[in-house]
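Shared between the two complexes below is chain A, which has chain B as its partner in the first and chain C in the second.
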Partner chain A sequence: MSAIKLDKLPEKVILPLKQHDGIACAPLVKKGEEVVIGQKIGDCEGSDLAYVHSPYCGTVESVVEMPNPSGKRVLSVIINPLECADSVDFVPEKDASPSRLLEIIKEAGIVEYYQKPTYLALKPGERIDTLIMNATFPLIANAYLDSLDKVLEGFRLMLEAGGISRGAIVIRADDKESIKAFKNAKVDGKPLIVAPIIGKRHADYYFEDSEDEIIVLAGGKITYTPTMMNLLSGDVMGRKIPLGYKPADVHVAVCGVKSAKAVYDAVYEGKPYLENVITVSGAVNRPGSVLVKFGTPIKDVVEACGGYKGEPGKVIINGTRVGVAIYSDESPVAKDTTGIVVQTKDEVLRDVSSACIHCARCVDICPMNLLPGRIAVMADQGMYEKCGEYYALSCIECGDCAAVCPAKKHLVQLIRFSKLQLLEMCAETEPAEVTE
Partner chain B sequence: MNDVLINSIAVLAGLGFAVGAMLVAASRIFKIDSNPLIDEVAELLPGANCGGCGFAGCAACAEAIVESGAPVNSCPVGGFETAKEIGALMGQEVSESEPEYPFVRCNGGKSCVTLYDYEGVDGCKAALMLCDSRKGCTYGCLGLGTCVRACKFDALSMGEDGFPHVNKNLCTSCGNCIAACPNEILTFAPDTQKVHVLCRSHDKGKQVKAVCENGCIGCKKCEKECPADAIKVTDFLAEIDQEKCTACGACAAVCPQGIIEVR
Partner chain C sequence: MTTFTVSPPPHRRSKISIKTLMWGRVAALVPISLAAIYFFGFAALGNIAASILGAVIIEFAIEKAFKYELTILDGNAVYIGLLLALICPPTLPAWMIFLAAMFAVGIGKHAFGGIGSYVFHPALAAWVFLSLSWAQDMLPGTTPITSSFSDMMLETGAGFLGEVSPILVLLTGVALIAMKLVEWRIPVTYFLTTVILATLLGDPLSYVITGTFLLGVLFFATETVTTPVTKNGRIIYGILCGVLTVLYGYFSGNYVWGTLYALLLSNAIAPYIEVNTLPKPVGGVAHE
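Now for the complex of A and B:
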């Protein structure tokens, strides 16, 4: 199944100058200036950066603060796109050294699906022995199956750039299309190993038996969202990550399918990160995956999917459970956008939360073994240090607790709030050892 | 039978005396010298433990006044009366200061565009974390009542117009509401200050007009009109220098948006 392409130019393109978790870029263009495809329009200095390039050619209408898909207002460059194909000269560099590869990835402004710039994800400072590619978004993974050899080559380049010896691609066990495609794919003329994760047979088990650099693992029926990095690395590698640690501490780095393709484009075609595939689901006439250039308003993406089915009640970015509903479909698609969900008016739940009845369903369901109800109560009362003691920062924001709560407590929002307050207070809680 | 009674009473009484004597001895030997002044000052304080003074509670405030030289009028709740009594204890003169009350620097409310319905955790801070302000204006009052809940004296209430209202009879000027507001809408203002600008927006006039009927557009009419040269428009927002202001009301008369209030 290939991705739907936008056949119409949007009226205007909004390019936020901050599309990752880090420093905002400064605009390089002024009002009235002409831009071409691939031109760098946002530059920044520092250690945590992702440059912004224009995926369209046209004239800059203005540089103002506009709402971006996460709901916050961000300084954005607004471009009136034109029907032209002028672009900067893309210079491919096929035989680059690992350090040059990393430089190319940085220059291209590639950002992981969890908002971290890829060059930092590959070289976080700690020793990394395995790179995991999260291909557990079936719709997105399927959209890239046409260009699977490019994705695999991009993945190999990422391993080379990061100096990482092994790569594991994780797909969903029920994603038959992907499994079939990966079984037929070849790396260096050899077919890929596609194996399931069962019991204690984790990635290490399969790596021991083979000399391959890259293997494919079918991991179960979970889609690992951006906040579920620890769970993903824990499940795939079988290395339990104690509360308060990150995947890099167990020598694991995580990347997405989109960034692998983007790395291929950057190295073999010289293109910066200009477009990716997002999924559109819910109350639209033709749901599916769409190949979108960054900066395209969500309105135009929905139009390419046949428009809204009836009157939309809510448009949610990045998933129904943990995503944020946007208040205007003029918001653009950014580098960290993975999907759009449209709900009809009848589907929108408007529950009023009531008092906690201490049923502990949230405790039973929490995949990180936290006490969501307890943390939420303390966050509500402003006891943020106490939230930290209960490992609020380890919450992966999967939204399971809020989904099962019979009292309809806003658990995820409260925990997220406490996390933010904790980070603001720069409280560094001592990570405790978990004995398993 | 009698022997048993007498013996047990004698043993218990003896034990009581012995333990009592030990306790008396222990309290003499391990006595901690505490300043009796601290307890006296603590008794004069209101005992609400609101934290308005900046200390952990009334006892901590009393200790700070006596031992580390905090000013005797540290307690904003007790006001002048309490300060005078503590001053008498500490041997310090206290001059009466003007009581200050929190005051809302926004006039948007219903006249400001609401972008979306907010559902979730009650409170402005939590709402701001999730998304941008639900109002069209990023500077204005959200009207979700974080300040109302922060008040321990029931002095604030959320009005029909979507703003917190201050009941001056109940307000103790502890400042909890001011600290709670994420948009810094509330500030202290004494009753002697008569003229106020009811807007916080630094947006350009056009942007303000697009979202709010009652916002400062930075037209500078007030600046030109003021005879005392007390009003200045900086970054598209009029600000009043209260020391120069004579409360003549000339600025309020010319303001096209009607956001300068003369009390």
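Now for the complex of A and C:
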């Protein structure tokens, strides 16, 4: 299944200068200036940065604060796109050294699906022995199967850039299409090994037996969302991450399918990160995956999918579990957008939360083995230290508990609030300890 | 321009609500109630009606008096009333069970803070209230023995309404578990513990597995409010219920009362079990 492409130019393009969870860029263009495809329009300095490039050519209408898919208003460059194909000179660099590769990845402004710039994800400072490619979003993985060799080459380049010796691609066990495609794919002329994760047979088990650099693992029926690093590392590598640690601390780095393709484009075609595939589902006439250039308003993406089916009630960015419901479909698609869900007016929830009956459904479903209901009650009463004792900080905010709650409690928000308070309390106490 | 709703996630939830949980339990008790009415006649019908009426009336009165939101439609009061009627003998005067149902919902439930806050199962509390106040009237006429399969179908020695057909309680209760309206940990551990311990001590199972015991396993013990929420806690709770039931039953010879008193005691210990079985998060905790 290949991705739908937008055939119409949007009326205007909104390019947020901050498209990941890091430092916002400063605009390099002014009102009235002409831009071409691939031109760098946002520059920034610091450690956690992702440059912004224009995927369209046209005239800059203004540089103002505009709605962003995250729901906040962000300084954005607004471009009136023109029907032209003028672009900056894309210079491919085939035989780059690892450090140069990392430089190219940084220059291209590639961002991971979990909001971290790729160059930082590949070289976080700690020793990394395995790079996991999270291909457990079936719709997105399937959309890239046409250019699977490019994705695999991009993945190999990422391994090279990060100096990582092994790469494990994780797909869903029920994603037949991807499994088939990966079985037929070849790396360095050798067919890929596609192996299941059963019990304690993690990636290490298969790496021991084979000399391949890259293997494919079909692991369960879980789609690992950005917050589920701990589970991804635990399920695939058998290395669980203790509270307060990062994947890099257990020598694991994680990347996405999109960034692998973007790395290929950056190295072999010299293109910066300009477009990726997002999924559109719910109440639209032709749901599916769409290849979208960043900055395209959601309105135009939905139009490419045949428009809204019925009266739209809610537009949700990045999934129904933890996604943000946006107030305007003029918001653009950004680098951290993975999917759009449209709900009709009737589907919009209007539940009123009531008293907890301690049914323990949240406890049974919690992937992190927490007591969400208890933490939420204590967060509601302002007992944040107690929330900490119940390991509120381990919560990955997957939203499963709130989805199954028969009392319709806002568990995720309450836990998230307690986490914020706990982190603030930590920040307050730490300097005090130093002075003692 | 179309307007979009902005609201916090999750944007899709399971359809299950407190209402479905409660009315599901009420529906599961309907067959046994009908069997009781068939067996005991109008006395049973009168008791069930009086009990439900008492529970609903006091809930309405309290919520009106304190200007709370009316929650009669969530089925909790009806469920408590019905359950209370099933653990009383049919010979009990209707006004007594009416008062007891008022005690169940008024004191057992609302005085403790309403749904989700009570420490003891309201119907159990009301049963103790009845037993202490009118001990003579609460004595069942006969003691049930389920020695053959026909006794499981229709128990002629039934003392309480809920004992007339153990198999109906078992079937509907297991159906609730199969439909995931009730969680399996407590009933399974409770049942197994009781059966194993009673067998080891040499008590005939025909005295143990009565309608009241099955009601206790599948309906009283699984009352989510009065049980621990932790996974291990629920298993310990089930085992504790079983041990206490057999302890009382073995030394007094009355497994019906044993079940009800064991549940009441377990209710009291449930919070203690919970705070001592807090789970560690996946991946463990690094500092500390």
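Quick note on the criterion: the second predicted complex is superposed on the first by the 412 of 436 C-alpha atoms of A that agree within 3 Å, B and C clash if a C-alpha of one lies under 4 Å from a C-alpha of the other, contacts with A are read in each partner's own complex, and residues count from 1 in each chain.
Simple rule for what comes next: contacts are C-beta pairs under 8 Å (C-beta built on N, C-alpha and C of every residue); 3 or more make two chains touch, one makes a residue touch a chain.
Only a predicted model underlies this, so the values are computations on that prediction, with no experimental measurement involved.
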Exercise. Can A:Q413 be said to touch chain B (first), chain C (second), both, or neither?
Worked result: both
For this session: Could you look at A:P67 and tell me whether it touches chain B, chain C, both or neither (first, second, both, neither)?
Result: first
For this session: Figure out whether A:E311 sits in contact with chain B (first) or chain C (second), or with both, or with neither.
Result: second
Exercise. In the superposed arrangement, does chain B or chain C reach more residues of chain A?
Worked result: C
For this session: Mind working out whether A:Y390 is in touch with chain B, chain C, both or neither, as first, second, both or neither?
Result: second
For this session: Could you say whether A:S354 touches chain B, chain C, both of them, or neither, answering first, second, both or neither?
Result: second
Exercise. Thinking of the overlay built on chain A, is A:G373 touched by chain B (first), by chain C (second), by both, or by neither?
Worked result: second
For this session: Could you say whether A:N230 touches chain B, chain C, both of them, or neither, answering first, second, both or neither?
Result: second
For this session: Go through chain A and flag every residue that touches chain B in one model and chain C in the other.
Result: 71, 324-325, 327-328, 410, 413
Problem set entry | chain C to chain A touching residues, read off their complex | 1-14, 16-18, 20-21, 71, 74, 114-117, 183, 224-225, 227, 229-231, 234, 278-287
Exercise. Which residues of chain B touch chain A in the complex?
Worked result: 115-116, 119-121, 125-126, 129-132, 138
Problem set entry | Partner chain B, residues of chain A touching it in the complex | 67, 71-73, 324-325, 327-328, 350, 380, 410, 413-414, 416-417, 420
Exercise. For chain A, which residues are in contact with chain C within the complex?
Worked result: 71, 230-231, 234, 240-245, 311-316, 320-329, 341, 343, 347-349, 351, 354-361, 363-364, 367-371, 373-374, 390-391, 394, 399, 402-408, 410, 412-413
